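Order of writing sets the labels: A, B, C, D and E. Residues in every chain begin at 1.
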Amino acid sequence: MTLAADFTARRGALDLQIALAVGNGETLALLGPNGAGKTSCLRVLAGLDAIERGQVRIDDDVVDDGEHFVPPEERGIGVVFQEHRLFPHLRVRDNVAFGLRSRGIKARIARAAAATWLDRLEMTRFADARPDELSGGQAQRVALARTLATRPRLLLLDEPLAAADATARQLLRRTLQTQLRTFPGGCVVVAHDIDDALALADRVAVIENGCIVQCGTLDELSNKPASRYVADLVGLNRFRGTCRDHVLTTDDGARIVVGSVHDGPVVATLHPRAVALFPERPAGSPRNVFEANVVTVERALDCYRVQLAGELPVVAEVTESAVRDLHLDRGVSVWVAIKATEFRVAPM
Amino acid sequence: MTLAADFTARRGALDLQIALAVGNGETLALLGPNGAGKTSCLRVLAGLDAIERGQVRIDDDVVDDGEHFVPPEERGIGVVFQEHRLFPHLRVRDNVAFGLRSRGIKARIARAAAATWLDRLEMTRFADARPDELSGGQAQRVALARTLATRPRLLLLDEPLAAADATARQLLRRTLQTQLRTFPGGCVVVAHDIDDALALADRVAVIENGCIVQCGTLDELSNKPASRYVADLVGLNRFRGTCRDHVLTTDDGARIVVGSVHDGPVVATLHPRAVALFPERPAGSPRNVFEANVVTVERALDCYRVQLAGELPVVAEVTESAVRDLHLDRGVSVWVAIKATEFRVAPM
Amino acid sequence: AGCARDDPRSLTVFAAASLTSAFEQLAHRFEQTHAGVHVDLHTAGTPRLVLQIQEGAQADVFASADEAQMQRIVAAGMARGQPIAFAYNSMTLITPRDRAAIQSLRDLQSPRARVLLCAPSVPAGRYARAVLAKAGIDVRSVSDEPNVRAVIAKVRLGLVDAAIVYRSDARGDTKLRCLPIDAADNVRTTYPVVTLRDARSPELAERFVRFVLGETGRQVLAENGFDLP
Amino acid sequence: MNRAHSRLPNWLLAPALIAAVLFLLPLLALLTEAPWRDLLPLLTSNETLQALALSVRCSLIAALLCLLLGLPLATWLAHGNGLLHTSVRVLVTLPMVLPPIVGGLALLKAFGGNGLLGGALVDWFGLDIPFTTSAVVLATTYVAMPFFVLTVEGGLRTFDRRYTEAAATLGAGPWRSFCTVTLPLVQPTLRAGLLLAWARALGEFGATITFAGSFAGRTRTLPIAVHHALDTNPPAAVALSLVLLLVSALVLFLLRHRWFPSR
Amino acid sequence: MNRAHSRLPNWLLAPALIAAVLFLLPLLALLTEAPWRDLLPLLTSNETLQALALSVRCSLIAALLCLLLGLPLATWLAHGNGLLHTSVRVLVTLPMVLPPIVGGLALLKAFGGNGLLGGALVDWFGLDIPFTTSAVVLATTYVAMPFFVLTVEGGLRTFDRRYTEAAATLGAGPWRSFCTVTLPLVQPTLRAGLLLAWARALGEFGATITFAGSFAGRTRTLPIAVHHALDTNPPAAVALSLVLLLVSALVLFLLRHRWFPSR
């Protein structure tokens, strides 16, 4: 086990209550809404903030138990901050060499290592540049190089791919994967994008409001999303309510006919592709039919995502021709049909 | 026409050579690799840097023609920077009111307007917070509110969604869409993500190395991507070469059998889904069969993307079971089969 | 030159500011006549010198512009023997060269005359006020200046119409006009000198004191406008 | 909470302590000399209070003038390093490197009745500056302003332009941007500069006595009073000096939370 | 290229000009008074050169001491605003608000033969500081250091902690982080502070003459020589003052590009 943390901490108005563990060579992705406490959590793990109660262990060292506190420079960690924080007075090369120099390594050797890392991240061209001469994505890449160069036993990455363009993203993912494969340590990476999370991480932990609401593989999250946010994250519609005789009454009062035999409190999820839209009230088999208004229409790569407000707020995925034929646009009213069997219902 | 720009400018070692136009109510997305010059281009449009030659017009005013230069505060523009740049000494509310106050609007009214905008971006709770008490995504949202509140005639957004989480992203997209619908002005938005670009923009301009390589709708880009980067962006494999008798010889020397009758220099694109992988050399109809090594395997939401290095470097999209069955992992060798008819060939 | 105190052939002399020129010449002459002896001369306002000596300044000879101040050294037991008067000075009325309105002490009473004196706390100010009192003139100084030099500078600049300063200080300044004060109204100020208790080399200090009192000393002091005992 | 980062390099404390002792010892020495028994009547005497009031008033006005005139000058200086800028910077250091008495003399020659500008001032405006309270203000401003200007120039040079860029894109012209963005953001240096200038002005002696003289109630500031007392009654001088120290202590304690916020 | 943002608010120039004139006039006045014909022999005379060398040497050593002792003190001060911190800050302002002569007196009382520590210094180490070149250094350091300390404290208080946080996560301990991150990033304030302290030290007179006296070649710095000349030969005093100005001009011109880089 590289990291074992179970602690409470405060940051402004936010109460953090975190329990997580990362095994050797494992990567855990941290997802959650803005302001949920992802950065705050990394800060605690890094030793930039102290905990109130609990314990943080890295390898076999207790680095914080509310009394004994090991400062960041002695934790053997590496952090990539959300804003890159390159040292403005040092050239790119010296920024990358900084961590090694801090560990007492000779300037020549540290600079050679820095050169290697810059090469890996395809930034050799900018070795002599000053940080303020870099573009946003370049700076983030250098920040990553700077951290990786120290070969930390625990990597903490705060949205390392946010500023990276499409191709750079692949490069960075690949570099991180290599890195994580060759070092025995673990990694906690904050991501906003489930794709980034999946590309880098084995497991995903979702933080909301300072607490971890769910932690598991993508399949575990998809099968039984613990919250509306998780459902959104994996692209599903999610409803909570009480089921009785194939009828689910959601907490908001909507009634859905579902193909499930569960009774009592349940969570139902629904894939957006299973939501069908019609200009007029459709006849036929679907058991759930209601009228709704279009809130937004967003183009995705090979489909359109339509957000609907009505008896049941749902997101539908439709083709381009459907958008054209139904004149889908904000405020347009359409009929929604969902087959009862499309709902996946799980008891709570 | 809100914006008409055709200019050259220098920034460090980069030569910018940009020609673009944005109509009333139109949004143009700017995409391109890190360091391509997207931010530099916005800076010129905003009046933070001057051009060398050419002209920039906003509405009917020439704001820069290499001699006469209109400073940013007189251009009627609004900028959201890549790093939020909130004023650290002002509370969130006053940050948002700043633009209106600068336009001579009374404090009371400006603060009321600020409150409205904070409400729209669901940041009312943080109206009295200081910028350094905000999380990354919250700060970016405030920066957006601050800019939108001034109702500029030209909006320049530098990755406004980079720090936003999945749900916030929808909120911001929706807000921007509303904004762009109700104001007559135009908008240039830098995005890394083709999804963001598509959600916000009507047209996409791709910058590489300081020059605009292609500008058009998604369909135009997909049909005939002007560069490898554009092809990657829309998720396609792209090959350049010369075609003769159904055989395309790529610039790297690979030979592909294609179902096209074009002769001469061509560009061929190929959807990753059309690339089939086999553990052994397959018999059967596919005309292009070769062995390749796996470079990376990345999980996407409903498939895996496999990058392959071989006679022809391609990306394949495969299912999870394929990954399992073929033991796909870095360095594994597999057989690739592509039907000739899957290539879309366009003369150059 | 950094550690004169370790060298028995060097002598430290503290002298009042008004003695600066005279003592510079004296020191020079003394060095000429006493081969290998180096005189370290430090001049400042008399009260300052007294403070410095009281605070343990390592000095051999002290030449004061004022008997009262000298008395503080004696009272503190820091003198070796009794101080000896070696020069006298008196006060003079000065005006800017180009201003003829004032011809004598009486003219100071004119309400338009701007008169400048040293502060009563410095000897020069005390003496100047004594002169005015003797003459029965009641004038108010525009300002209480900290030393004679400040007074003279302002008269030179024509900022005031008249001032009363030491005769020796006003001597030979082309921008000033010196108007003698009647002996009846004038005061005679005494310059005492003494060898200090903590002198490194008392006998060399003694020799310097005798040199000041002697022929060369008298000659130099006279040249610098002092009266002699 | 930020335990990790309020940590100072430990052995920085040794030289810091030496420096503190360097400042402490002379104070202690003064304190042992202070006439503790006669202190109260001395400090509440009319002259002392008069001098105190004058000192406080003049030093505050001087600080204000530093702000009003020095801030624009510092801003201009921060925007260049050409020949003109460097020359002006040299000009600004002049009152620092000049012994104050010479500074006072120079002021006399410039603004005195027969001075460069002085004659004109008297003839045209009837302004005779020397020996007035205005002279005190002018002298202390002249001596104190360089400290303000150079400190603030340093601060402005480190100022992050990204914020003024943002202000401009939000429609703020140079003036508005200067007032609402630049100034608040360089506040800590402004404060340091003001503090330096004010303290220097409060303790100013040489230039003041030369240019303004020493006239009770009009130009006799506390340092000048100290000086007078030094010649006749050193313990009283020490006592008066302590008043200066008390004033500065009072100000620093009052400003403590606003000017030196804990971080 | 950055045309938009080197713009100054225009009418800032008016007060800046007034300030510049305030500094210029006294200089002009001094120049009219200078003995131009006898200037060269005067300035190249042995005494002048001796005083100049002493002044330059002592002011540089004082500036160095400010850096060595004042920087740690400033760093410590910047880390708090409690009672102890405020008290020490008051202590530091002491030499600024004290008339320099009283400052010199306090030094005498502390380090003089009969002083608090002075007796011990003499008895134990044979160190008799007053009236030596060391005394000049000590006095100028005492007077100049507050300017350095308060300026640098201001700079350190605006320092962005995010960089030291980053340094710590990269394995840099407090000391390394202080040297390689904090110091380089507050350089402009360090420079401003050093410049202030050095200039103040160069022009120091009152405390020096009180604590160190005016011995030619040993403690007679240029300002003291100026003062001395005022008693004997006023035009020479002006000429010597100009030497001080020249020294500072020379330094500022040499430092122009490194210390005040154009932005």
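Basically, contacts are C-beta pairs under 8 Å (C-beta built on N, C-alpha and C of every residue); 3 or more make two chains touch, one makes a residue touch a chain.
In this text, all values refer to a predicted model and were calculated from it rather than measured experimentally.
Touch-path distance (fewest steps) from chain A to chain C is 2. Counting C-beta pairs in contact, the chain pair with the highest total is D-E.
On a Cα centroid basis, the chain most remote from chain B in this structure is C. The centroid of the Cα atoms in chain B and the matching centroid in chain E are 55 Å apart.
Distance between chain C and chain D, defined via averaged C-alpha coordinates, is recorded as 35 Å.
Chain E has its Cα centroid 33 Å from the Cα centroid of chain C. Multi-chain contact residues of chain D (touching two or more other chains): 4-5, 7, 101, 105, 109, 115, 165, 168, 173, 227, 230, 234. Chain contacts: chain C has residues 48, 51, 153 touching two or more partner chains. For chain A, residues touching at least two other chains, in rising order: 47-48, 71-72, 83. Remark: chain D residues 4-16, 18-20, 22-30, 32-33, 68-73, 75-76, 79-81, 85-86, 88-103, 105-107, 109-111, 115-117, 141-142, 145-147, 149-151, 153-155, 157-158, 161, 164-165, 168, 173-175, 178, 186, 188-189, 191-193, 195-196, 199-200, 202-203, 205-206, 223, 226-227, 230, 234, 237-238, 241, 244-245, 247-249, 252-253, 256-257, 260-263 touch chain E in the complex.
Within the complex, the chain C residues that touch chain E are 1-5, 12, 17, 20-21, 24, 40-44, 48, 51-52, 54-58, 149, 153, 156. Those residues of chain A that touch chain B in the shared complex are 12, 31-36, 38-39, 82-83, 133-138, 141, 158-159, 162-170, 173-174, 177, 192-195, 198-199, 218, 229, 232-235, 295-296, 298-301, 307, 330. Chain C makes touch with chain D in their complex at residues 45, 47-48, 51, 116, 119, 121-122, 142-146, 150, 153-154, 157-159.
On chain B, the positions that touch chain D within their shared complex are 46-48, 71-73, 76-79, 81, 83, 85, 87-90, 98-99, 101-103, 146-147, 150, 156.
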